[in-house]
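Note that the chains take the letters A, B, C, D and E in the order they are written out, and that residue 1 is the start of every chain.
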Amino acid sequence: MADFETPEFREYPTIPLIKQDVMAGKGPFVSRAEFDTDLGYPGELPEDWKEKTLEKMGDLLGRYRSLQVFMDSCIKCGACTDKCHYFIGTNDPKNMPVARQDLMRKVYRRYFTFAGKFFPKLVGAVDLTEDVLDEWYNYYHQCSECRRCSVFCPMGIDTAEVTMAAREILAHVGKAQKYSNQIIQKVYKIGNNLGLPGKALKGILEDLEEEMEDECGVPVKFNMDEVGCEALLMTPSADFFAEPHIDGLIGYGKVLHELGITWTVSSKASEAANFGLFIGSYDNIQKISMRIREAAIELKVKRIIFGECGHAWRVAYSFLNTLAGPFDFLDQSYPIPQHILEVTYGALQEGKLRMNKAENDHLTMTFHDSCNVARASRMGDRPGGQFDIPRAVIEASCNNYVDMDADTIKDATFCCGGGGGLLTDDLMELRIKGALPRMEALKQVTEESGVTNIAAICAICKSQFTKTLPYYGFEMDAIMSVHQLVSEAIVMTGSMQEKELDGVDEEEAESESED
Amino acid sequence: MSAFYALLLTVAFLVLIIGLSKKIIQYSRVPAPLKIPVTPAPLTKGGVAVRLAKEAILFAALFRSNKWTWLFGWMFHMSLFIVLLNHLRFFITDVPVLLVLLQNVGEYAAFTMFIGLTGLLVRRIFVARVKYISAPSDYLWLILLMVITLTGIVMRFISHTDIIAIKEFSLGLMSFNWQDLPTDFPLMVHLFLVAILMILLPFSKLLHIPGLFFAPTRNQVDNPREARHISSWAAELDAEKNKVQPK
Amino acid sequence: YQTANARSQSEKATSKVRWGMLVDTTKDVDWNKCVDACNNEHGLGNEHKSRDDQKTQYIRVVDVKNKGTGYSISLPVMCQHCEKPPCVDVCPTGASMKRPDGIVLVDRHRCIGCRYCMMACPYKARSFVHEVLSDQKENTPRGKGCVESCNMCVNRIDNGQEPACVEASDGAIIFGDLNNPESPISKILAKHGGKQIRADLKLNPGVHYQGI
Amino acid sequence: MATISVEGKDIEVDEEGYLVNLGDWFPGVATVMAEIDEVEMGDDHWDIINFLREYYEEYQIAPAVRVLTKAVAKKLGKAKGNSKYLYELFPYGPGKQACKFAGLPKPTGCV
Amino acid sequence: MKKLHFLEVEGNTKGFFTFLGLFGLISLIGILSAYYMEHNGHWVTGMNNQIIWGTPHVFAIFLIVAASGALNIASISSVFSKTAYKPLSRLSGIMAISLLSGGLVVLLLDLGRPDRLIVAMTQFNLVSIFTWNILLYTGFMGIVGVYLWTMMDRPYNKLTKKAGMAAFIWRLILTTGTGSIFGFLVAREAYDSALLAPMFIIMSFSFGLAFFLLFLMGSYKYTQRELGDYIVSRLKNLLGVFVAAVLYFVLVYHLTNLYSADHRDITVFILTGGGIYTFLFWVVQIALGSLVPLFLLYGPTGKNRAMIALAAALIILGGMAQLYVIIIGGQAFPMSLFPGMEVSSSFYDGVIASYAPSLPEILLGLGGVGVTLLLMTVAIAALKFMPASLADEVADPHSK
């Protein structure tokens, strides 16, 4: 199926030697005008692309302090060079974070700095040519904007910011990426990334309600467009559509039901994800975020709860208040927005949920810190809550939990390899190779501690894992949602599981389980 | 010769101050429209100060990242800091007691600085990854600093210059009362290169000095849910969109 | 740091000579006069804070008594200017040194005050300066934290004078060149013999005694 | 834009091999696409493809994996009502490969 | 046997900062004491022209000797290929460096002119064993540093054995060198024995291991990591062997001295002369520092962690007493200018010298211990020295 080789596990992680141009190429499919125009981009390379490029670059330098400072302050110390999973997996030196930044920095120096204007050779500045633009396109679509490099950079330089700026500039000269733009366009037209129309969504949710009734004997509601619910649930559309995502959705439903929180999804804003982040476009991030505000107002909810999704949670946690706030019309006694894990964790702390961990005894779990949660947002009220809370929830749901190697978790976590708008089939080689470090860490715990499954809290991670796991010799369904574990373990009041466990009314329980 | 150096050093100093100030003003003017601290990040301003101090003084991130680079880089920077403190005695008449004490130990900082620089240069030449990302200027900076250090060492430990005259010269510089400068070769080289360094600093990667403190990934407080973060042009953009309001 | 070396390379300090002393303990002299002369010469006794057991003594009077016979004598003991001085061997910095002319002394610019030489000296000839001193003699700029001992009054010898204690001994101590068979000290030693303290240690001190 | 030729007709497909105009589909298209992907089409495959087309007709979207597996289970028995079975039929995934053969647009997003 | 993982200690906790502050304070007090002595001169101490090396030297030599002993664990693992000790070898290496640093700081600050450190480092008298020791100490740091590097950087693991061998040989020489500082003092009867050097080596094993065991138990307790019985019981058994060996050497040492005319007097003085040295020897060194620990380690309490810790602490105490007796007792006994005669003078010839440690001396000595612990604390938080777990299934090679 693949025309490339899956990298081999190394005996132990070492810094690879560089291999020039392994990943040279054209990059992912370029978008077409039909997808671009709604987003405010031209769709094709204009005549005066060079001026436009530099103009946009100057504009961004004046708009983002991050970009301006990062262009100047890299000391070329090389600390970041071995930190990117794409470099480790591909060995292409242009996938070293600093080299990736340098693609733009070389042009920045040539046109925006004194030294580069007069001594380009000395400081490694280059002219802007179409080749350079192509190289940008290729390599800035080999960065999942995971920020791992910035954790290790002594200057705090975040390559993701540079990547976003580069993609924004590229889009402005008609070199946008098809995958992301097509999806954003679908969000504008239909309401979610997948293009699930309201009718289909309703059908799925009704199906789930039936299933719950059958399985637990409890009327767990999966509302859509219900006005007057307590909470608006924002979750990635993948949670309605894909496996194992949907098992997570069932978990949210059970938890919220058990806590007596009425909730609904909105057909208008049926997508938590915000791909505007990937293309680095402030306007689009804001436009997409605004739907949430509108839905919350229309449905008259008191709180907004986000499902398991890394990039969605980053935008929600860090930007939503800025972009679509102030949310003074919501109940201020809850965090705005709140993560479903914060809800579940809080309830567990207060002893409001009954968990039967034994349900998950056949599993030995480990946890993949989804990088956008780990390095770009927070949960709970203290720094690092984003690490402790998911683990606490997992450990409340199952008896066997093991962490992967300390250098590959928490804020040093390795990206799954599919984030940042790269979760597309045309980048499969990159995705598989970029998954190497994560797979190695997983391999280690499967061998040493008998780990069977890995949980994640991001829709992209889950999809990416289902693709990459088989390449590395694991089972495709080893990836699970955290709330899938919760869903298995939770004992809802009045459910068949509760009766079974408590032995009350055995006959009835028996007769029901038989049919 | 003295006049040339006096002029050179004065110009260099002015370039340094003006150039650096312009950059710092630029950095503080460009908005940071979104909250992008790398988490886990501190929740308070005090916490941010501690975080930045750890980075500036201990090079904490670099330590996590690469122990060898940290070793040499930190050795170089701390030594440089001590050397610069020691240099204060050329420019102030009342040297504080602490500084006098420091100078006993401090004179050897030149050597640790040189070792640090050598380590960094060796790494740049022999580690393929680092070599790949290095432009000619990256080597030249290290060499420039090594030569400054070497000439300094020569003056201090091998062929002594007339410190008294120099002190007069530098004090004179500061009061625009130009004095004669001894014309020792190491001193000439030393001062010339120092002037070059001061002139180039605002246009080079040495902008990492202010850059570190302006990086939004490190200097932002992690409180986006608690406090609404709005920057200038983002606010304009906000106003344009007539936002839906609850009825 | 060339000060003392400069001296040793001066004309007189050659290995052709070996300065030594001969102490005649049978003469009835008040050895304390020698002690006073030494203290006076080198400005000793200006420690004001040190306890008695911390004060410097270059030269001291030792009373020896044979428990069996009851026979007893007194004799002055100072640095014996050993030919193979352990103090020099052990000194880590080379501050303890022996000049070619046999005089053993401490280079105060080099001494780090480790006191290993004191541990090594079998004659307890050395003292450590326990406090900040002032009013030192110009020729003996003693200082806190350094070790010192009898330096055979190098300052006087290099000026052609005899050591202060010799001068004060009314002839009971003879000073001279042990290498020169014609010198008075060599002649007397050749004729009447002399003994070294703890000769068993084979350090061949430059100070010899009669009557012990 | 690329084309594939089916029974003498040139049919437009996009970079990834999906039909550009959904109306162009007829069963021969699926057969040819399967040949290109080296999948041998059997009755089981056709069951799925027909189901996909029916679902799309009604909802304007490919069915979610869960919906599909349920439908398969209903029709072919519980043993086959899981995604493993579907992956056996369509190695690159029922969502994507089967949709392509069925002439549906590619479901993109976080899947 | 589960796989071994090393992990830094969490540095951002209250407990960590408490320990950091505590050890920092002890170190600071030590340095301030040194400054006080330096500023005034040594007249403020108990030292004098007879007792030349005082309490700080006892501490310094203890730490230096223990440093070489602490490396023993690593050597056993990589030189003698005992896999059971492999989990401990990194900690052993860094502890050797820390102990040596602590000792050297004390030694340096007790100099009459510590400001001339550079003289000591640049002007060598190659005849002096002391000079050799300075070279040995710096070399030791370097070699152990390289050794640690080969242990901690995976690609260089293959060199560990060689580096370990070099470190092993080096430290034998080093301890012999430290012992020889005394051995070369021909004038002093107490030290003039060929047995001193080997005795120092075995003492180093004992003190180093006791310190190591104590630190290991303490640090695992406070970081809530698991420390299994296997490791503890192997270490405590080894410790017991070393204590017994030291005891044996002490016995032989004193017996031979009693039979040699030259050394009889000093031996009788220490063993029966009464006074502080006799007390320290019999009560602290022999009883509290050797016999009681042997009982605690091998007796019915042998499995009780608290008792093992107590035994290690007592061994350290006994070791300090032993060094005090050797160093200060040895100086207190008068040198004989005229063997067989009775001697007296204004310079305290022929009398037992008096010495009472002063507070600043003790504080300086403790400061050295503080520096050691401070370095260890920083080190285990900064780099991966400590196994994340030493539970039996990780540490015991017999567990499957």
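Basically, contacts are C-beta pairs under 8 Å (C-beta built on N, C-alpha and C of every residue); 3 or more make two chains touch, one makes a residue touch a chain.
Just so it is clear, the structure is predicted and the values come from calculations on it, not from any experiment.
Which chains are shared contacts of subunit D and subunit E?
A
Count the smallest number of chain-to-chain hops linking subunit C with subunit D, moving only between touching chains.
Shortest path length, in steps: 3.
Taking each chain's centre as the mean of its C-alpha atoms, which one ends up farthest from the centre of subunit D?
Between subunit D and every other chain, the largest centroid distance is to C.
Centre to centre, using CA atoms, which chain is the farthest one from subunit A?
Looking at centroid distances, C is the chain farthest away.
Subunit A to subunit D: how many Å between their CA centres?
27
Just curious, how far off is subunit C from subunit A if you go by their C-alpha centres, in Å?
Once rounded, the distance between the two centres reads 85 Å.
From the C-alpha centre of subunit B to that of subunit C, how far is it in Å?
Taking the average C-alpha coordinate of subunit B and of subunit C, the gap between them is 58 Å.
So how far apart, in whole Å, are subunit B and subunit D when each is placed at the average of its C-alpha atoms?
Roughly 61 Å separates the two chain centres.
Name the residues of subunit C that each touch 2 or more other chains.
Where subunit C is concerned, no single residue meets two or more other chains.
Can you list every residue of subunit E that touches 2 or more other chains, as numbers and ranges?
As it turns out, subunit E has no residue touching two or more other chains.
Which positions in subunit D touch two or more other chains at once?
none
Could you please specify the touching residues of subunit C with respect to subunit E in the complex?
47, 49-51, 53-57, 60-67, 77, 86, 88-94, 110-116, 118-124, 126-132, 144-147, 197-198, 201, 212
Using the touch definition up top, name the residues of subunit B that touch subunit A in the complex.
23, 26-27, 30-36, 38-43, 55, 59, 61-62, 64-66, 69, 73, 123, 127-130, 132-138, 140, 200, 203-205, 207-208, 210-212, 214-218, 222, 224-225, 228-230, 233-234, 237, 241, 243-247
For a test of understanding, state which residues of subunit E touch subunit A in their complex under the given definition.
It comes out as residues 2-3, 5, 7-8, 154-155, 388.
Subunit D touches which residues of subunit A in the complex?
1, 29, 178-179, 182-183, 186, 192-197, 199-200, 203-204, 207, 236-238, 240-243, 245-246, 273, 309, 423-426, 459-460, 462-463, 476-477
Quick one: in the complex, what on subunit E touches subunit C?
38, 40-43, 47-50, 52-53, 111-114, 116-117, 119-120, 123-125, 127-131, 133-134, 181, 184-188, 331, 335, 337-349, 353-354
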